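Order as written gives the chain letters A, B, C and D; numbering starts at 1 within each chain.
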Amino acid sequence: MDYQGIIEEIAALVRPEFGKGKVADYIPALAKVPASKFGIAVRTLSGDTFQVGDAEEAFSIQSISKVFALAQAYPIYGEALWERVGMEPSGNPFNSLVQLEYEKGIPRNPFINAGALVITDMLIEHFPKPKTRMLDFIRELSGSDDVYYDYEVTRSEREFGFTNAALVNFMKSHYNIKAPVEQVLDVYFHQCSVAMNCRELASAFLLLANHGVHPRNGQRILTKSQAKRINAIMLTCGFYDEAGEFAFCVGLPGKSGVGGGIVAVIPNELSIAVWSPELNEHGNSQAGIKALELFTTMTEMSIF
Amino acid sequence: MDYQGIIEEIAALVRPEFGKGKVADYIPALAKVPASKFGIAVRTLSGDTFQVGDAEEAFSIQSISKVFALAQAYPIYGEALWERVGMEPSGNPFNSLVQLEYEKGIPRNPFINAGALVITDMLIEHFPKPKTRMLDFIRELSGSDDVYYDYEVTRSEREFGFTNAALVNFMKSHYNIKAPVEQVLDVYFHQCSVAMNCRELASAFLLLANHGVHPRNGQRILTKSQAKRINAIMLTCGFYDEAGEFAFCVGLPGKSGVGGGIVAVIPNELSIAVWSPELNEHGNSQAGIKALELFTTMTEMSIF
Amino acid sequence: MDYQGIIEEIAALVRPEFGKGKVADYIPALAKVPASKFGIAVRTLSGDTFQVGDAEEAFSIQSISKVFALAQAYPIYGEALWERVGMEPSGNPFNSLVQLEYEKGIPRNPFINAGALVITDMLIEHFPKPKTRMLDFIRELSGSDDVYYDYEVTRSEREFGFTNAALVNFMKSHYNIKAPVEQVLDVYFHQCSVAMNCRELASAFLLLANHGVHPRNGQRILTKSQAKRINAIMLTCGFYDEAGEFAFCVGLPGKSGVGGGIVAVIPNELSIAVWSPELNEHGNSQAGIKALELFTTMTEMSIF
Amino acid sequence: MDYQGIIEEIAALVRPEFGKGKVADYIPALAKVPASKFGIAVRTLSGDTFQVGDAEEAFSIQSISKVFALAQAYPIYGEALWERVGMEPSGNPFNSLVQLEYEKGIPRNPFINAGALVITDMLIEHFPKPKTRMLDFIRELSGSDDVYYDYEVTRSEREFGFTNAALVNFMKSHYNIKAPVEQVLDVYFHQCSVAMNCRELASAFLLLANHGVHPRNGQRILTKSQAKRINAIMLTCGFYDEAGEFAFCVGLPGKSGVGGGIVAVIPNELSIAVWSPELNEHGNSQAGIKALELFTTMTEMSIF
């Protein structure tokens, strides 16, 4: 199928969303990204690529990196991974300490900050060089050596990272963090500051549309069941406290980041990445969600 | 596809689950159901029916009726329905007042008790005889006139229904209930006490596998979008505080009830109803969830 | 000591508080009370009475009645009373369901609505005519037959009493209410609508300044320990979520009501009642609290 | 009055409490304190001292030090202090993050850990050598140069101090901490590890029985109003989530620590310090609370 016309139409249709949201400003390095950026890239399992707008301009993927972290840790730890992190929607803002205290240090799912920090801790335990490995993994999946750590963002994250430091310390007090607090934060802040573009993101997420098999070299990265389960968790937990609304309006497994990126997957078919820095009140890309809603409406694609 | 062999094998494989759960005992009328009951029914869009065990024995569908209520109210109120009830997973037990207070009387979703009570209030506002209409609607969808209100359960619900009375009163204090408290409770307790069997349930839920069109008479009950959205909400909110785990392990939209029934839908394909009265700690059928997990594993069917 | 000059000065000094608060409007019967009303009455154990302003005009004592209810129930049930209601500050608004759910139906203390409803239930269990008895008890303590139920307020409470109905139903679901829901609400709404004036209130509360002995007829109503303990609970729990601030600024055991009344006690010395209908954001009388703060500052009286 | 006979009788009467509680074991340095230790010291404003048991053996005063911190900060910052910390009972365990998140980084009161950390931050801002100054302040008040930092406890606190690190980081993310995280924790952990005995503690707390004037040298440390207000906060917030029960059973302003110490004050009269390491389920000294309850019962002293 030819998606080029569709994404071009979407790029035009989402224009009214611009100015309704707000670029993330909790760290200076993100606040200076121009609000007007917009890009879409679609990669199909049949090998086609479609793109529009700023689809080749790198941006900070932020929480989207949590999926790459989980995709690394899951094959290593298997189902034992779920002893240290849950798989239920959080029903609360993404950095909530309340839920964590209530659950005695076991985060609700791997896509809230607390859960991602536990996954980071697991990667540190297994890989001698977790930061290098993360970059290698994403480069391999995306087929691009251009993916990099944006160190200005890393520094910015560190400088304003008191909430994450609170989370790690709190979980350490509940014995759910093994590495030193500083190391967990260091690896995590690097992970958040991965920079890549829509085209690369769409390529990397094809893995999850392809049931865990690398779509270009045929290598199995995740078991079929693991890929399916990561998709399920993206659907139920991928959009902070707006997960239900995204499932409702878009109906696809996906993951967003405060850098304004969203990636979604249609199993057996394709992956799609959108970037637009202005965020809605829930911290998800305002125009990005609209674009995906339009994409599913216009293509009539849905998992439901 | 011939599912008969598969469900027969499942019926054998779930035997070890028996005795692990506990029949609901919060009302006497449910407590006396024999724990050993077990049935499966599969209805396909191509018109086939497969069944095993006690698939023709009626049981109390309880919270599964919340889907029938939503399916009636949604076409009437359209998207305005979501002004009075949310669409986010609750992250809390199904009768939690905490969430409701925090959200100022707007329930998180239509499948927690509070949300279902608001939907009931909406049906009362629209239908002169909401109790009669509910039964008619389910009979029409299931193609069976045998669906009935089990009045012993109704009475039992009413006698021990103080938590639901608390919910209605609380929402009334927030102006999110319009009808008199007693009427809302009366209609709601009737709805919970609908009795029908697996075969009838599977037939009725074909509507949601068929994108909102009655599978036998071709009548459109829900728009395509509405059917898709109800499926999305079933996936994210259909299993109380175990919604994430069900999505993870089974990967299908579905709805459970404390009577031990579970119905799930594979869009474009089929619906499947399972009944086994023993519940796990989250209030979902112990063997029922296992059966559905086996069904998706053996058929390799999944939306992800 | 001659308090007349002091309270007259206070009456002048609190003038700037007028207009800063807001008359309670959650029920119509209270909303129509003139905002400009203001009265103070002081009764000493040595038998003197001092008063200023509208000290002989009856108003709705509302939550102040919770002290009269506790003072009746405590001698009957003794320390067993505390098995059904706690004695800890709530840290939450006075009708919070959250705390109650967390504590599984045991209210935090007898001065939040939930706790007062349990006390009402205990009075119903013991007295054949709890409504008559309540009025007799207050009349006896205040030495005035003019204390009465303001039935317009009673009706108004009932009409808008959905939150209280929610509380009773919720506690009944936790088996902490024995009488029928409707009866508990009926007695409670009567109790809230007791009307009396500052002079009568100050007289009645002398009991607690006098260690449980009726100051005029010498009859022991409460043991010394019970009187002391009720004072302790008034200090820690008597002012909703402003209890700490009242202890901090005023430093006396006391109780407020949304009708704008406040009563406070100086053990071994006196009791003082103030009335001013405008409430601050915490639901306590704006000018009333200021008046009491001035009284303790000017008299240098304090328990600390 | 001669309290010697009374405290000796109390020492005998509390024996049955031994073995009912549990020595604090959250840090190794506290866990090794012998459970059988027990001491009482009474200091009167008239200059008498009474003591029994291990009243001259130093122990870790832990949270009692929070009162010394507040007594230093209050005269410096005045009422502006309350812009950064509240004065309401917390209604939650003493290190709860929930309340803190709900209140957006403003701790409920200065006697929960979060609040004490803010006070520590204020002391750091004002004093060039806050650790030296703290020790000097306590030595001056207690009239003893033997008060010291138990560095083994300090190290132990630091090693297991992840919860406090979580609190400081979280408040820093809400801009309610100004000094570097590590410095606040360092000063705070020192403060917690102050070691002194019952006699010294009782002497130091005479300040609060004497309305803010040093009882031996006549120097005014706190205004009369400040002393009264610290007493009020001790009464409402001094005993974690058992504050109400302590006010109810003992009826005195006081403060406890997990080292097993409790100090209480009878304004105008005396101060009393008790030490017994076994704690009840709320983290307060089991025998210590019993001893104070007996003391008020036997002396008939109470503020109510």
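One rule holds for everything that comes next: contacts are C-beta pairs under 8 Å (C-beta built on N, C-alpha and C of every residue); 3 or more make two chains touch, one makes a residue touch a chain.
Which protein is which chain? UniProt says A, B, C, D = Glutaminase.
Just so it is clear, the structure is predicted and the values come from calculations on it, not from any experiment.
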Whole-Å gap between the CA centroids of chain A (Glutaminase) and chain B (Glutaminase): 32
For chain A (Glutaminase) paired with chain D (Glutaminase), centre-to-centre distance based on mean C-alpha positions, whole Å: 47
Chain B (Glutaminase) and chain D (Glutaminase), separation of their C-alpha mean positions in angstrom: 55
Multi-chain contact sites of chain A (Glutaminase), meaning residues that touch two or more partners: none
Overall pattern in which the protein chains touch one another (line/ring/star/complete/other): ring
Which pairs of chains touch, using the document's own definition: A-B, A-D, B-C, C-D
Chain C (Glutaminase) to chain B (Glutaminase) touching residues, read off their complex: 96-98, 100-102, 160, 162-163, 165-170, 172-173, 181
Complex interface listing, chain C (Glutaminase) residues touching chain D (Glutaminase): 86-92, 99, 108-109, 227-229, 231-233, 235-237, 241-245, 247-249, 251, 253, 267, 302-304
